[in-house]
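In the two complexes below, subunit A is the common chain; its partner is subunit B in one and subunit C in the other.
== the complex of A and B ==
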């Protein structure tokens, strides 16, 4: 699954922190370092599976259990971004068609 | 949307949204636009050229780094004169640099008179006549309209801006506030370029017979961010201006206009 920031979102960030402005709701949010990194990888057009792989390598290279937790956290965060319409679906891949079915359904509803 | 350069605050995000899409929604937190805008509600700023906004419309602008949403009372080619619907004073002039856009979806009042608050004088105040004291930060010299009032019993006090409030409070404590014996302190009127209402509204003072009334002329009112304010807006009960909004007039001229209004 590949996502991108919504057209309604204006954002700024320098790696350690990302600030988001939802121009439709007037809400401002500040992402912490890890969330900011995920956001920036999304903005670079990286598939969610690749984002998971990169962060697992960095934080839990030798620990399968920890890797599973990290993947769950990332996918939960991405789903929250999507539910808040801060990101939109660009492309679906075979891997995420199964694991992210609920997110895809949301995307269809908002299209 | 692509990211902005780093290290920018919320204001830059709002400006960027307006540049890119012509719209930006923000949440309103203050009460200055009651009843038109309720605190906590969302308003949408839309791009509109500075030259295109007119009196009665609500605009968003930046003052001291914060975003304000207030209504235009008047304008000329380079400045907007704005105020919150529930505020007694005009804001510092809004220039094109600080202007963000127009707030969509708010009705324009039928007449600009709707922007002026009512004079807070009620029927219950009709006792004992009105006794006026004019307070000025400097000697105004001879002002014909004031002289006539002084002959009729009014007073003129020349008191520096830093001392005027303490002297007013001293008089109130001494029991001079109200000759009718109600214990209510004197009505205080501020006359400044930022006053929301025209001096003509003071004409209601004479028939109302409100007891003692202190009229402060030549002092500056406003929030500290306006740069040169000396007295807080709530230091007086009612604000008027002697001339056009934000137009400074000499002290003697302001006194003359105000005295003529209350005579």
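== the complex of A and C ==
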């Protein structure tokens, strides 16, 4: 799955912090260091699976149990971003018949 | 939540927002919060409309006004109704202790801030140095920096350093490296010190030895090479003087043959013996260094002095003297900083009082509680357009020019402002070539509210007049080092 920040979101990142504003709702949010890193990887066009792999490598090393927890947390956070319409879908992943990592044209309507 | 546009009449912004220009882009900075953003013409027009109190955003912007205002708010250039940010100075905690473990030095550099020559009578003995380490660790400091003189002249240097490591301290050393003569010594240093900083005045014998002495270039180069072979990537300290500035290329070429972390370019200061060597580091020298760094292909690891803002809200309330950092000389005298060693600034002696008491005492407390935002010590900074990014600069450098720690040298301020603003641009993705080609407009501050040049921009001019003297310098405030003298037991 590849996502990108919604057109309705204005955001800025400094070091380990991301601040964003939803122009639809008028809500400001500040993401902590880990969330900011995930956001910035999303903004770079990285597939969610690649984001998971990168953070698992950094935080879990060879611990399969930890890796599973990390993957769960990341996918939950990404789902929350999507549900809040702060990010929009660019491409589905393999389970949805589109290869993860394959960037397709942005056919999605914005949130 | 209410949209930002709907709150337009209640939005506020700092009066002294300034902008700098590069072609059709504008870097707007908030002096009180160390924040900045690069804006286009339309965004600047929205900001200006707010600054002059227009009742609504400029016509023709339409729905983009919400996005533009959001961007301005996210960069703290505009404040939401009733929510201006408050800057609170955190309580300082001691992080770094510089300990001049000896005044003895095998070199006689003409600008030495410490005026080091021979070991002073009354130097702390080994047991006292070990106790010093215990007290530093007990105060919660993170790093002990062993300096001098030449610290490797102390025979117990590794005993003291090893003890500090056992106490959980990181131990660094600043050395001229001439005493690193064999692989065993280099390996011992690699095993002991977290950071090894080597002083180097030039990339060739011809440029290094006029200040360091005959034969010293080969000795220092050998020391650096042995450190590399032992796996150490040292920092290099290079004092830039009017006499060696044209040889920066030779320094960069020499360093490119080494493994090193970076070369700190330290400006010549009129402190210690530097007060009497006839050199004065001027803005033209600062500019020569800047242009070299912006354009020379080997300059990427050369680190100039001055503020280095790299991220938003990285606020410096002061330079850290007497708070994050203190200095202890070889006799056990405690000072706010290794460059601030006059009698008025002696906070105590370890033979008389514990370090904890000295740290809590009035001399150091006065230094650390004053800031560019409050207190008298840094009042000269209050109107400056980089105050929160700069923290006032090195007080010893200021005092060397004005004779008073509390008075700013406007010549130094000019360099500090130039450094900060150019770093804003570089941190925003602009290049050294941009700065070289559009220098004046990229570094001239104009007030957003009326486009006038910021009033402090030209305040260095009186100091450049022939015969200028500081107005209110008190001899009582002068560190002995600035006077160029040293008395027994009270050397700078």
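The working rule: the second predicted complex is superposed on the first by the 94 of 111 C-alpha atoms of A that agree within 3 Å, B and C clash if a C-alpha of one lies under 4 Å from a C-alpha of the other, contacts with A are read in each partner's own complex, and residues count from 1 in each chain.
Just so it is clear, contacts are C-beta pairs under 8 Å (C-beta built on N, C-alpha and C of every residue); 3 or more make two chains touch, one makes a residue touch a chain.
Not measured: the values here are computed from a predicted model.
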| item | value |
| --- | --- |
| Joint occupancy of subunit A by subunit B and subunit C, clash or fit | clash |
| Which of subunit B and subunit C A:46 touches, first, second, both or neither | neither |
| Touched partner set for A:85, first subunit B, second subunit C, both or neither | neither |
| Subunit B versus subunit C as contact partner of A:10, first or second or both or neither | both |
| More subunit A residues in contact [subunit B versus subunit C] | B |
| Touching partner for A:23 - first (subunit B), second (subunit C), both, neither | both |
| Subunit A residues contacted in one complex by subunit B, in the other by subunit C | 10-12, 14, 19, 21, 23, 25-28 |
| For the subunit C and subunit A complex, residues of the former touching the latter | 1-4, 37, 66-67, 70-71, 73-75, 310-313 |
| List of subunit A residues in touch with subunit B within their complex | 5-14, 19, 21-28, 43 |
| Footprint of subunit A on subunit B - complex, ascending | 1, 3-8, 10, 12-14, 16-17, 20-21, 23-27, 42 |
| Residues of subunit A touching subunit C in the complex | 10-12, 14-15, 19-21, 23, 25-28 |
